[in-house]
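Two complexes follow with chain A in common, the first pairing it with chain B and the second with chain C.
And now, the complex of A and B:
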């Protein structure tokens, strides 16, 4: 019963989306929006092709590197800024400012700095993801209930034990929320980076398909990326909820 | 009479910070806690009651003077045998009740069977058996404070320091928690020092009550209640109960007004 209940939501969502897609296709026609079933068939065919693999690998590698920089760098910056009051107060408005900036306007600069290819995509993805991770981590560190480390000291914990058994679990739920949002934004940044001046990757395939007006391929790639994003985000959201259960009132 | 803890000419002065002058929070004061007694500290708000607890427990070093626990100096580290319960909810929200209770013992690397035995006892003692797997967020404020007391109790402290532990609870829960605290005190034979701003509570629970002045806090007087060891909240029905509370208030009234004045100056 519980399996049915947990699956009911996503299943209903999928069916609704497919029906909406079909209806939209009927209204817009093949030139703008291909039908769901042929598109999914085309995606299946593409995945089976040997020349498709290097593009997926390229995008995957770019994303993983950008994600590693976003997560590790963001947490590092957040811990430093959260731990040092003055630095945090100075840096926060700057970070919020960069965060709200449409970063695509900086892409020419990124390209000039990093050149065409992998490193520019990685930098652009990381630029999107690192700031929310840093902001969430900074706030998590700042908002640690001061009574927790005091309680740790009253139980004679060493500073290392306090860090490992109190500070990390106390900050983890909020830091993880940052990691989840950082994940989505890093993916966005990496894909945006691939759309311009790249020679490989899913973004490059997408741009080529746009040039050729190959609607079926455009949609097939969009579906592939969406599937990945939704699946990954559901897993991260489930972990996030689990971590927050203690904090939920 | 054995002395468990002794403070000699202790002061605590917070150094000046940007925009703030140095604050002389406490002392100089001297006091002794006798083995097995229930000692309460009352005083006007901001008089340094919590600072006193910090210094006595070793959470904060004294600026001047010496602190001893069982004859050994205490300096900025909480000694083995001292347990602290805080005013704020200090239960860890990421751990279920039983892991919260066992937390301190696990960090000491104690043998698992012994941890379980002690945690089971403390959980049972504080009436938390039905909530072993519950998270603090699922419990009321009073139950969370029980978790914190149980977490201190498992360490088998010989001196238990409580900093207004029932301050956030409603009056009825406070009375019940006071009874539990008395039971804990009787059955463990620990020495207890309770910081409180509630005069009735101090009266009801204590053998002796230290009355503090406005900041910098010093003891104006120490009132002996003379209540029997076997007591509970029904003590308030005794005809001589009110006299002790009245005495505490007459000692505190002027100091509380001074403290109000300090607050008004500080707010300007």
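And now, the complex of A and C:
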């Protein structure tokens, strides 16, 4: 029963979206929007093709590298800034300021600094993801209840034990929320990076399809990326909710 | 000024001073980054000459319209979803995954549907920015302390009075963070759209300057866009501060 309950929302949504897509197709015609079924068929066909694989690997690799930088770098920066009060106070408005800038305008600068190719995409993805991760981690570290480390000290825990048994469990839920948001933004950044000036990857395929006005391919790639994004996000969100519930209990 | 504020100022000045020095001494090639003072000079010259006025007007009006639509619409939709939990449960997975979708993949479809010009850009930016406002509205309304609503009941406030005097002020901090995100996302939506497919506007001019190795124009334009975004954020920030002070926080 609970399974039906949890699945009802997403299922209803999927059906709604598919119906809306079909209706929009009827209204706009084949040149603007291909129907859902042929598009999905086209996607299936594309995945089977050999020339498609290197593009997916390219995008996947760029995304994974960017994700590693934003997660590890973001948590590192966050722990440092959260642990040291003054540097946290100095850095927070700067980070929030950078976070709220439209970073897309900086893309040409990234291209100039990193050159065309993989490193520019990775840098742009990491630039999007690293700051939210750092901000969430910083707040998590800052908000650790003071009595916890004190309790640890009264039990004479070693620093490693304090970190493992106290600090990590206390900060994990908030940090994980940061990681989840960082994941989405890194994906957005990497995809944006691929759309402009790239020679391989899904973004490149997308741009080629846009130039050729190949609607079916555009939609197929959009669906593929969306499916990946939604699936990954749902998993992360489920873990996130579980962690927060555990923390509240 | 507080100690943290002072250090922050020193850090920022030192950073830009270092970049300036490295650029002026030629350690950083002007082909990559031009000196910050040269950027400012380029921006001032560009504004004084008025050559970009049409593009500025076009981009800013697109951003303005998208911003207005997404803030008002996002707030309204957020309220609707808040009052209708079944609807909200259905759309929750969509909202949660929204920012991991590759919006720009849908750009060609918007062109086919809405024609060339500013309209598809405005639609894209509005779609992109509105969900941030919806999410912020939902969070804001969710987090109103029960006590405040009970107080409203005790005072027998009418529904309108309750919304105006209790609910809106209590949700305001989240609404403001939604507002700031909506501004940034409107900029990203319009400028990224202009980067990809457009023949005018600031995004197009930045991409054009990049393609022509015209770094002075490019950095001048980038600085201009960032300045507008920063000024807007500072205005919202100042207003937020004032509201918080009025409430004695």
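Note that the second predicted complex is superposed on the first by the 245 of 249 C-alpha atoms of A that agree within 3 Å, B and C clash if a C-alpha of one lies under 4 Å from a C-alpha of the other, contacts with A are read in each partner's own complex, and residues count from 1 in each chain.
The working rule: a residue touches a chain if its C-beta (ideal position, glycine included) is under 8 Å from a C-beta of that chain, and two chains touch if they have at least 3 such contacts.
It should be emphasised that the depicted structure is a prediction, and the values quoted were computed from it without experimental measurement.
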After lining up the shared chain so the two structures overlap, which partner does A:157 touch, if you call chain B first and chain C second: first, second, both or neither?
first
May I ask you to decide whether A:166 touches chain B, chain C, both, or neither, giving the answer as first, second, both or neither?
first
Given the touch rule stated above, what does A:49 touch, chain B (first), chain C (second), both, or neither?
neither
Contact breadth on chain A, by residue count: chain C or chain B
C
Quick one: classify A:28 as touching chain B (first), chain C (second), both or neither.
second
Using the touch definition from the top, say if A:210 reaches chain B (first), chain C (second), both or neither.
second
Identify the residues of chain A that lie in both the chain B contact region and the chain C contact region.
none
In the complex formed with chain C, which residues of chain A make contact?
8-10, 12-13, 16-17, 28, 31-33, 86, 89-91, 93-94, 97, 100-109, 111-113, 183-185, 187-188, 191-192, 195-196, 206-207, 210, 213, 215, 218-219, 221-222, 225-226, 229-230, 232-234, 237
Please output the residues of chain A touching chain B within their complex, sorted ascending.
145, 147-148, 150-151, 153-157, 161, 165-166, 169-170, 172-173, 243, 245-249
Flag every residue of chain B that touches chain A in the complex, lowest number first.
57, 59, 77-78, 80, 82-84, 86, 88-90, 92-95, 103-104, 107-108, 135-137, 148, 151-152, 155
Residue numbers of chain C touching chain A in their complex, please.
2-4, 7-8, 11-12, 31-33, 89-94, 96-97, 99-102, 104-109, 112-113, 180-181, 183-184, 187-188, 191-192, 195-197, 203, 206-207, 209-210, 215, 218-219, 222, 225-226, 229-230, 233
